[in-house]
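Think of it as A, B, C, D and E in the order they're written, each chain with its own count starting at 1.
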Amino acid sequence: MISALVYADEAAVGYDDLSAARQAAGTTWVHVAEATDEEIAAVQSAFDLHPLAIEDLRGDVRAKTEEFQTYTFVLLNALSLSPGETSFEKVVATRPVGIFIGTDWVVTLGTGPAGPVQRVMDAAERGDERLLQRGPDFTACRAVDVIVDAYFDLLDEIETDIEEIEDEVTVSTDSETIENINEVRRDLLSFRKQVWPAREAVGVLARGDPQEVQPQTEKYFRDIYDHLVQLVDLTETYRDLVSGARDIYLNTVSQSTNEVMKTLTVVATIFIPLTFVAGVYGMNFAGGPYNMPELSWRYGYPAAMLVMGLIAAVMLVHFRRRDYL
Amino acid sequence: MISALVYADEAAVGYDDLSAARQAAGTTWVHVAEATDEEIAAVQSAFDLHPLAIEDLRGDVRAKTEEFQTYTFVLLNALSLSPGETSFEKVVATRPVGIFIGTDWVVTLGTGPAGPVQRVMDAAERGDERLLQRGPDFTACRAVDVIVDAYFDLLDEIETDIEEIEDEVTVSTDSETIENINEVRRDLLSFRKQVWPAREAVGVLARGDPQEVQPQTEKYFRDIYDHLVQLVDLTETYRDLVSGARDIYLNTVSQSTNEVMKTLTVVATIFIPLTFVAGVYGMNFAGGPYNMPELSWRYGYPAAMLVMGLIAAVMLVHFRRRDYL
Amino acid sequence: MISALVYADEAAVGYDDLSAARQAAGTTWVHVAEATDEEIAAVQSAFDLHPLAIEDLRGDVRAKTEEFQTYTFVLLNALSLSPGETSFEKVVATRPVGIFIGTDWVVTLGTGPAGPVQRVMDAAERGDERLLQRGPDFTACRAVDVIVDAYFDLLDEIETDIEEIEDEVTVSTDSETIENINEVRRDLLSFRKQVWPAREAVGVLARGDPQEVQPQTEKYFRDIYDHLVQLVDLTETYRDLVSGARDIYLNTVSQSTNEVMKTLTVVATIFIPLTFVAGVYGMNFAGGPYNMPELSWRYGYPAAMLVMGLIAAVMLVHFRRRDYL
Amino acid sequence: MISALVYADEAAVGYDDLSAARQAAGTTWVHVAEATDEEIAAVQSAFDLHPLAIEDLRGDVRAKTEEFQTYTFVLLNALSLSPGETSFEKVVATRPVGIFIGTDWVVTLGTGPAGPVQRVMDAAERGDERLLQRGPDFTACRAVDVIVDAYFDLLDEIETDIEEIEDEVTVSTDSETIENINEVRRDLLSFRKQVWPAREAVGVLARGDPQEVQPQTEKYFRDIYDHLVQLVDLTETYRDLVSGARDIYLNTVSQSTNEVMKTLTVVATIFIPLTFVAGVYGMNFAGGPYNMPELSWRYGYPAAMLVMGLIAAVMLVHFRRRDYL
Amino acid sequence: MISALVYADEAAVGYDDLSAARQAAGTTWVHVAEATDEEIAAVQSAFDLHPLAIEDLRGDVRAKTEEFQTYTFVLLNALSLSPGETSFEKVVATRPVGIFIGTDWVVTLGTGPAGPVQRVMDAAERGDERLLQRGPDFTACRAVDVIVDAYFDLLDEIETDIEEIEDEVTVSTDSETIENINEVRRDLLSFRKQVWPAREAVGVLARGDPQEVQPQTEKYFRDIYDHLVQLVDLTETYRDLVSGARDIYLNTVSQSTNEVMKTLTVVATIFIPLTFVAGVYGMNFAGGPYNMPELSWRYGYPAAMLVMGLIAAVMLVHFRRRDYL
């Protein structure tokens, strides 16, 4: 999956041989997607790349910009969200892409599946994008740009999750909800872990520190840097939103307990006194004029029922006023 | 909606042709409100503005100050609050305004509806504001000033919401209240997201870094910078107030549950023992001198009622002392 | 309320005319308390003060030190607490004081009511304080010192409130308590908002950045700077204390709910089983040897009462052991 | 346990005498594991090491890099987790390792049991690792590398604990769970306390500040530095995960209380009204046509039971709708 | 309590006269413990100390290092914990110690009771400590060392309190416990307030900024600086532990409420239905074959009791399964 392109005399020509491509006059771009170990070794020897940089492409390494003797090495992680076990669990998959910027060549090396950089290469091969005539640093800038642009899609997905959760928290007391909230928090943590170092790495390029970055390209890197600053900002804002959603959820749960307590209180405080009254007239006192004469009154029973009804009515009014019903 | 004004020989003259306005001797100010794509293109070519700067005017970009070869570009977002779906939901609408400060010209470009900068232009055209005779940087400073001043109005609106909420939280246990609190928190987040970069952008001008800013104008930019520092401060203070209001709300809810519990406890603890007593005298023991002789005492019933009344009275006193009533 | 004093030949002489005072040989100090617009204008023209600095004296501006061509401008806010509506609501009133330090003159301008600086001027007029012979910067240092000293009184008042609250939170479950806590938190926020910029402003003088500050005076400014650092520290500590008090309050409320629940639980769990027993012997089964023969036992009733007493006693012991009583 | 190795003429030779090893031409590496006081004294005098550095090896000292006259001293703590009293209580055992980098010699001194550095020495003695031919700084870099690599194992153990806890918190309301959460939090605190200074110490080497570090070795130190940055990041992320787990646990407890309340509410609100109805028909009113005629109706009892059954059914439907059952 | 010691010709000689001691050839150390105003004045005039530095010794001033014309002034607070009103309330008593480092003299001035510095002076007078031959800066370093060492004792006391609290929180729901937690938090706040500035003050010496500090002494100051960094670290860790203990306490309280609720729920849900059944058979329906025929069944009563027993058994099993018992 090695693509090699040399731009010279206002035309871009594809090459099969890497050494030839490097030595050809003009600006050379070599891109490898889903690089195998052999391909990496071939590119490494053709462009004399440092073993430490190559090793970084294999592990779970933070984005960085490192200046070597003859080139500048930019490591970025292309990100994609793949669904996890639960609906809000996302796995942030990282595919490291190494960008080596030389004086008249640029190498982009990806070990994962072909991503946005491949599409730029395809367009360049078709002649749709005139990157190479603006120099290897501009080509690298474009590669960085498409990787960072994809971050926004990822953050959009997370935002959709947050919106879903914000709708959920006002009505649900399921303990699943708080687990969902935690999943999104986790996603944001993973995302932030990637964006922070990316911002630093691009910042170095935007300041034009490496000699391979020409003054007129700095502005374009600064533009990407602005995007990364915005991404970091958004991540922080989303963290705040998630913790706001958590507050609302906890309040919903606590409101629900409150509601349950009110139901119990209303029913119990109305019927317990009534049951007491009924209990009184169930007593078996007998044997004298002072022992429960009301039991034998003509309207004793209706009167007792009326009294109980009144008690209940008064309580209901009281509870409605205190907003328990 | 292009307005072009050239100040020379102590008088400001309006121009129709942009190139003529630029080349005319004196200080030129070109302002475009609700700029269409054609108008932007015209201004861009007349003043040779960088495509990246023009692009920034179209998106949701953070405020910034960027120095170009022949001019300094200041991007600020004019803000306005428009009502959202609920009473506390506000939508912070941003209308980017680009300010290009040249050596003897200044261009102010707004893509949104005419805002405060238009009013300054109107006053300058009427001759009410003598901006241009103090140079293009002073004119730019005035434009920045009116945009930042409008931030205070916005923060005032948020403050009114906070005050309303602070009154609400001490009495309401509605779950809508916590959603309102979250809305205001959200508004503050949006606002802070705008003010922080604006502070940085104006800070660059206040330090006089760009060569287009003359020493005597720095003080005026520093004044605006002080305003922005104050806005950032206020935002932080308001965030603290909102989280204080949230504490009070949660306490109100928890107090309300406590109140409900107390009602239940008082009624239940008074009547449950009484019901037991009534239950005892409802038992059907019979058949001997030791089986409930009190049932046939002459004053058995009044005595039982008295005992129950006493029990109730003691409990009421107890509850009043413990502040349950 | 303009006081003008010129120190020359080891004696301080009062002047009525500002211009004469300025031009007189020696060190000049002009102090204005409760300055009217006319007085400000007079001082401004006599000492050629910048309009922006004068404007800062009128609004709600953060403390700052700004260097002008011929003088250094220090803006400080004299603070005083006035009682608000509730017992813990304090209004932090700010009275801006402008201190202009020239090479052989110093101007102190206060728009609010006469404060501590006036007392220093009075002492200087009486000859009690030998400030002017140590230079205008030392005089300014003294003015800054008395303003900052008053901050400690204010913080003492807040500390008294905190101590009152700390006593309250362990016993009270009033929702007013949490509002008091919030009031104090608010006061600390207002105070911090004033102290932070004051620290920065004095820090500039303590480092001796402005040329008007002589090396031997720096130490005295550093002393005031140390005080301001201590004030900032104390404010942070007090914020921690207030949030500690809030924790105790919330715990008191939650303990109180717990207490209410225990009361209910004890009474209900003792009497509900007893009522059940009484209910059993209130049943009307009859018609055979197996139907409630205990009702006609000779000691049925005393036995039943004994059993109920035993049940109650066992429960009471159980509850006492679990610390419910 | 002193091992001394001198690399010269493309071969590594072991030495018994320390002074001879130091003076021999070539690169010298002296490693001491489980160093006794005598061994330390021998090495100290042979290489002229500063008493303060030697003292640091004995106490509980933070990792650091210190430059001395003739060598650079790096102190790192090798870490290992040993099980504590409870299942989640871990004791982070620290074994300080001192690394002294000279111009043509390197000394690694460990007071604790032989750790990963010993294994590197063993490999070097067997000729498996060609460290010394790349200089003493590269040898030191390798020693630092194996110590830092072991940090990841430790963090993995903590991660396993966190995963176990995350499974636990959704089902358990045991108060032991929150103690486990706190144990892990404690472990992370201990770990962070070690990693932060290690990052700083290696950062000094990665920047190539000490003269003993050659430019080509800097990259390798920077690689280790990147690992330490990642460790710090992970620690922060794990702290966030633990506090998320704590939120879920607290919610589980609060859900459980809610569940208990619902059970009580359902049973009590269904049976209390029914008991009241039963109580009414247990009353002893008699003596007239209006006194409880329903008692003598032919279908009075079945009707009463039916009414009670209906009441119960209505309530059950109500509770099911409100999701109490 | 003035002790004056001059080291010259390899011997330390005590002096009574301060001026003589200062002018004597060799290194002079003057130490004053429990200094009276007269003693301070004597030392101040003999060594020409600045009034501001002397004043700092009297108040509640933060630790600092200040460079004067002819000497460097280090202010440290010796700390001691004295018991307060409650068992966990500690009063952090501060005794300021001023250390003035000249080129060939050092003055240590303490206004509080004799502390660790006095013990160093005693040892020096006995000839046990050879400080002065290593210069006045080394003597000062030793004085700083013993003061900072005492900080560790203090932190140990606080640690003991934290351990006591950690044992307490898992079992106690006393509201005293949270007050104890707050006391320890307060102690840590007071301690941190002292350690932070001490770290800064010693940091200045460790960097060797003052000219009185010789290069070979810097390392010893750096060692003390490391101790102070460790103290700051420990303080932060302890704050985290205390807030962890608070979490466990709040959980214990909430578990206890849960426990109370469960007791109530179990008893009430078992007996309320039973009481209802008893109530049913206490009804007085009569007058037909459908009115409670079970009352006259031969085994009616035993059957009713059996049914009630079954209901209770089923519920008990249910509650045991749901872990309520």
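Here is the rule we go by: contacts are C-beta pairs under 8 Å (C-beta built on N, C-alpha and C of every residue); 3 or more make two chains touch, one makes a residue touch a chain.
These numbers were taken from a predicted model, which means no experiment stands behind them.
Look at the contact of chain A with chain D and you find different residues on each copy: under half of the numbers used there are shared.
With centres defined as mean CA coordinates, chain D is found 40 Å away from chain B.
Rounded to whole angstrom units, the spacing between the C-alpha centres of chain B and chain C is 25. Multi-chain contact residues, meaning those touching two or more other chains, occur in chain C at positions 254, 257, 261, 264, 268, 272, 275, 279, 282-284, 292. If the chains shown are joined wherever they touch, the resulting network closes on itself as one ring, and no chain has more or fewer than two partners.
Starting at chain C and proceeding toward chain E, the closed ring of contacting chains reads C, E, D, A, B.
Within the complex, the chain B residues that touch chain A are 50, 52, 61-62, 64, 66, 173, 175, 178-179, 182, 185-186, 189, 193, 246, 250, 253-254, 256-257, 260-261, 263-264, 267-268, 271-272, 274-275, 278-279, 281-284, 292, 295-302, 304-305.
By the touch criterion given at the top, residues 170, 219-220, 222-223, 226, 229-230, 233, 237, 240-241, 244, 247-248, 251-252, 254-255, 257-258, 261-262, 264-265, 268-269, 272-273, 275-276, 279-280, 282-288, 290-292, 324 of chain A touch chain B in their complex.
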